[in-house]
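This is the structure I have questions about; it appears just below.
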Amino acid sequence: MKRIAVLTSGGDSPGMNAAIRAVVRQGIAEGMEVYGIKYGYKGLVEGDIELLDTASVRDQVARGGTFLYSARYPEFVQLEYQLKGIEQLKARGIEGVVVIGGDGSYHGAMRLTEHGFPAIGLPGTIDNDIVGTEYTIGFDTAVTTAVDALDKIRDTSSSHNRTFIVEVMGRDAGDIALWAGIAAGADDICIPEREFKVENIVKRMNEAHKQGKNHYLIVLAEGVMHGEELAEALKRQGDLSDLRVSVLGHIQRGGSPTVRDRVLASRMGAHAVKLLKEGKGGLAVGIRHEKLVENPILGSVEEGALMSINPDGSIKVNFPHEAPIELYRLNKALNNYSK
Amino acid sequence: MKRIAVLTSGGDSPGMNAAIRAVVRQGIAEGMEVYGIKYGYKGLVEGDIELLDTASVRDQVARGGTFLYSARYPEFVQLEYQLKGIEQLKARGIEGVVVIGGDGSYHGAMRLTEHGFPAIGLPGTIDNDIVGTEYTIGFDTAVTTAVDALDKIRDTSSSHNRTFIVEVMGRDAGDIALWAGIAAGADDICIPEREFKVENIVKRMNEAHKQGKNHYLIVLAEGVMHGEELAEALKRQGDLSDLRVSVLGHIQRGGSPTVRDRVLASRMGAHAVKLLKEGKGGLAVGIRHEKLVENPILGSVEEGALMSINPDGSIKVNFPHEAPIELYRLNKALNNYSK
Amino acid sequence: MKRIAVLTSGGDSPGMNAAIRAVVRQGIAEGMEVYGIKYGYKGLVEGDIELLDTASVRDQVARGGTFLYSARYPEFVQLEYQLKGIEQLKARGIEGVVVIGGDGSYHGAMRLTEHGFPAIGLPGTIDNDIVGTEYTIGFDTAVTTAVDALDKIRDTSSSHNRTFIVEVMGRDAGDIALWAGIAAGADDICIPEREFKVENIVKRMNEAHKQGKNHYLIVLAEGVMHGEELAEALKRQGDLSDLRVSVLGHIQRGGSPTVRDRVLASRMGAHAVKLLKEGKGGLAVGIRHEKLVENPILGSVEEGALMSINPDGSIKVNFPHEAPIELYRLNKALNNYSK
Amino acid sequence: MKRIAVLTSGGDSPGMNAAIRAVVRQGIAEGMEVYGIKYGYKGLVEGDIELLDTASVRDQVARGGTFLYSARYPEFVQLEYQLKGIEQLKARGIEGVVVIGGDGSYHGAMRLTEHGFPAIGLPGTIDNDIVGTEYTIGFDTAVTTAVDALDKIRDTSSSHNRTFIVEVMGRDAGDIALWAGIAAGADDICIPEREFKVENIVKRMNEAHKQGKNHYLIVLAEGVMHGEELAEALKRQGDLSDLRVSVLGHIQRGGSPTVRDRVLASRMGAHAVKLLKEGKGGLAVGIRHEKLVENPILGSVEEGALMSINPDGSIKVNFPHEAPIELYRLNKALNNYSK
């Protein structure tokens, strides 16, 4: 394989640039030419593609966002658009593609592979909820940003004896909330994976108050409910504290990636190139038990494929992501006000 | 004067601890005993007061929040509560007080002085809108936090070609928005001090897009309107961009103070003690033209008093705070998309 | 077990406070009383021991250093001192101990266990070179500090077309240098585990210059040689660049712990208490393949013991720490200037 | 004036990019074309000059270093080289120049002006020691970096009861040491502007120890002596503490500029363009008492010129920089261990 390309797709995450840099540098080290496709699958279809050299990724290891830009492009599920994209690859002699993004991006990678252009998926998202990996590129940075914010909020919370509900990202997965909650010493963590009773939170708040702890910090994953909704529910259940809500929002997506994310992205980017060099495609790279692994994106459970097609044509996720529930229990023990 | 006390009142701000530390250390260096009053005027009235020594403020120069806690306590406008507070001071032989907080806190300081207990006010608030000073303790930190957030948001904004409205603090004053806007390279800054037309923002956005700039960053002071309101207004005026709103919220109140705030707080805290030592009270400390100054809190314009009493008993601010409007003009020039 | 104690020993590392907090909180949640021993084994022998409650560890999850203080205390290898320490434990009814520190601290933990006081070791050091774990408490923070510094040095290095040698910590292990080097995009990494020829670095520098890259960043583990020594060696081999040396030094030991370190410390601290509760001792906790594990500190290889006693009485490390050499190779590929 | 240029010279400092951006953007807003000269005066002489547009300075407000690169170029004191530089300007129709750098850079600006090319100097250096301004671009960031490091060192210092000497930049001026010392709560600050006796430091250390303060932090400006020299002197005078030295070095030159530096650089850059537009040259921009000012670089004291030529041809600085000695006295009061 002499020419490969790289694109970023879906929501951006810190470390995408480090991953692109690794693809470019490893590719060049392997004697390849590496192209950058701008704006994800949209740029692929429209031919927004340019040759990258070593210098073009200089200093990118430390930069947030993605200098190749990203875009959501649902059109790419249609064959017509896929074929257009492939024309663009063919016209430039590109033989393989690295796709950095979320689950959605993996589907595109699968299609390209089926059309004869091996594609490798790398998990780039802050939510940590991608199948086939324990950690995604950007997760550690997002949690770090959330904890920086929580540390600041704790200052003002304890100065005023306030209760704070801090809403963090995580639509389907509680990973950010769990990690951030433990790291910030949150009194309660609310995640989509665990049902909870609002009255129990109020009860615990009252126990904490009795022990002389007058501020209280609740980390809430956005997938559970809105911060304001939880605030109203707490009030309805009898909470009388000075209660505030803070929604961290998009700051969690940006910023210079942490060391963890830079190293993970660098390793995964280089690994993807090696897989392409071996002529492999249709694989997603992950990290499991501290080792890089790769799995077929689509196929049977026996093959270790991350997703299968159900008889009715719908997609089945074979090894669904699981948030680290042990952190939920740990937090309960570390913030036990009943004793 | 052999015994003084210090309290923090109103909303907390980063650097309050550094100011307390300076009061304690300078007081001890002057041969005084220094007491800490907890929870502001509430603690004064309730006698929540304890002796502080050198070690009790160790490492506090770097800590956010206020370890003396703060509280809003409107009751203190009533004579009855003031007299209760004075009883507490008398009972401990305390002869003077340093009050760190906002405008409201200054009123209490004035009352204490009128009752024979000299009190000095220090400007502690993140909004920078206190009369009698060009900079308040906490302002530089709050702007720094806002700019950290804006830098992160710019990463994701430019990766996705999005428009972002970022709402920062500042109910009456545009200082945070102006400083943060310049420092973050915002395309537009909306402040309470300047009327603006939403259609002009849309026009400028379109001009920027024509020049190939596809992301756009608007910093909005909360005193103007809510971020969501501005978003709707932009849409109504024809904006078609991928538009997001982020409300920074309470993170702006917390965090380890910046160098500027630590030095400002240290200087002001020490200065307040010197004024008390000279038997002065009813003064507010400020920084103007890089020099520490003090002004009577209440009195006539001729005396340089910050506030006067109108014939009808209401309060008149003699030298109202002015936001640095030249930064508004500077930002227009630095983000001029019509050429 | 109703009463346990915790101490920190050896060089301090960020996250020790988070670990202490977890021991205290988990202990209390299990119905125990938890004592803090100050100044490590020295405080144990001297009886510098106090009861800790939930509030005493409040906010400690985010604080650098160790609020229990640490000290090196070689005297503790002597039986006499061990017995004195045990008297102190007995006098307070303390039945088990958690020791947070380096390899040296583990020996003390072993001795206590042999004397009938179960002790559990937690790996607290920035160097990541402790047997029995893939990551130590403090390592991620130290690397993060190093990378922050490297990012800054790269700014000035590239502004001036300079070569920088940055000496990082790591006497025996290249872990900090490897992680920091990858994360900062270093051009070369020099570690104790890999021999290298100075002439090869000069050759690579010249190749980089030919490709228009005029600044060059070398990360050097202190265990290899001093930065100034390497600088002289480069000059002798013909390097003509504008060369500077920076020794990061003790900043790598301090600072608020990263999210990783806070979570790792919290998990390990809680786990140690559970092991004590089961009556276990003489074990060291580690993380391997993302799971908490524990191993006998001393014993046979078959038992999985981390160390054994040789026939001549010296200590043999059974599973010596290995730095992630794959990062060394990765960095070579990502900074390949021969193409 | 229709065409201007900008260059950075001497040691780089954080905020130079923000200043360049402001020159470019303000120039374009004024209807000018703005050229960037690379590598300072060297690039001027060699014609390493290119047109900059609005997009070329995008995001530069937040970047450390200087994207135009800097270089020391003593040759420019010779007429021959000045004339070569002027040829390069003439060939491109450039009529005025903004020079960002230290005192040395101002001399070049003066020469260009004398040759009929108005040049404006902006103070860009971390040391804060440039004549004609109270603050230089980069100073606040350098102090902030120093204080971040000092905060970390305090963690490890207090964990181990150690004395730390931390050497910060400042060859001739104690500004960084003074600001950093106050902000970090240093026990002692040693600056070139104040003689001190080593025995007095030892005395104070002993007094501090008596009060139960077992760690001690000394901030030392490099212009006084080397950290290791001070350490030896302390030992000779009888200090028995566990003493360490840390040299912060080049990290102080890099990093994303602080809010203060970004705003100062933006204001100064825009102001320089306005001065050029009015046809003015040979001026240096400064900030004094919070207002932008400009002074002739060379001339008589009566004209307010920053420097004059002595009868013997040497240069006389008319208004030498003075470090804020009041911070020295403040620190003595805030760290008074004799009571």
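First chain written, first letter: the chains are A, B, C and D, and each begins at residue 1.
Following the convention adopted for this analysis, a contact is a pair of C-beta atoms (placed from the backbone, for glycine too) under 8 Å apart; a residue touches a chain by one contact, two chains touch by 3 or more.
This one's a predicted model, so the numbers in the text were calculated from it and none came from an experiment.
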Self-contact between copies chain A and chain C, residue sets same or different by half: same
Remotest chain, chain A as reference, centres from CA atoms: D
Inter-chain centre distance, chain A versus chain C - centres from mean C-alpha coordinates, in Å: 29
Gap in Å, rounded to a whole number, between the CA centres of chain D and chain C: 37
Between chain C and chain B, distance of the C-alpha-averaged centres to the nearest whole Å: 41
Residue numbers of chain A (touch at least two other chains): 151, 154, 158
Pairwise chain contacts under the document criterion: A-B, A-C, B-D, C-D
For the chain D and chain C complex, residues of the former touching the latter: 8, 11-12, 14, 16, 63-66, 69-71, 145, 149, 151-156, 158-161, 164, 244, 246-251, 253-255
Partner chain C, residues of chain A touching it in the complex: 21-22, 25-26, 28-29, 31, 54-55, 58-59, 61-62, 134, 140, 143-144, 147, 151, 154, 158, 179-180, 182-185, 211-213, 256, 258-260, 262-263, 266-267, 270, 289-291, 326-327, 330, 333-337, 339
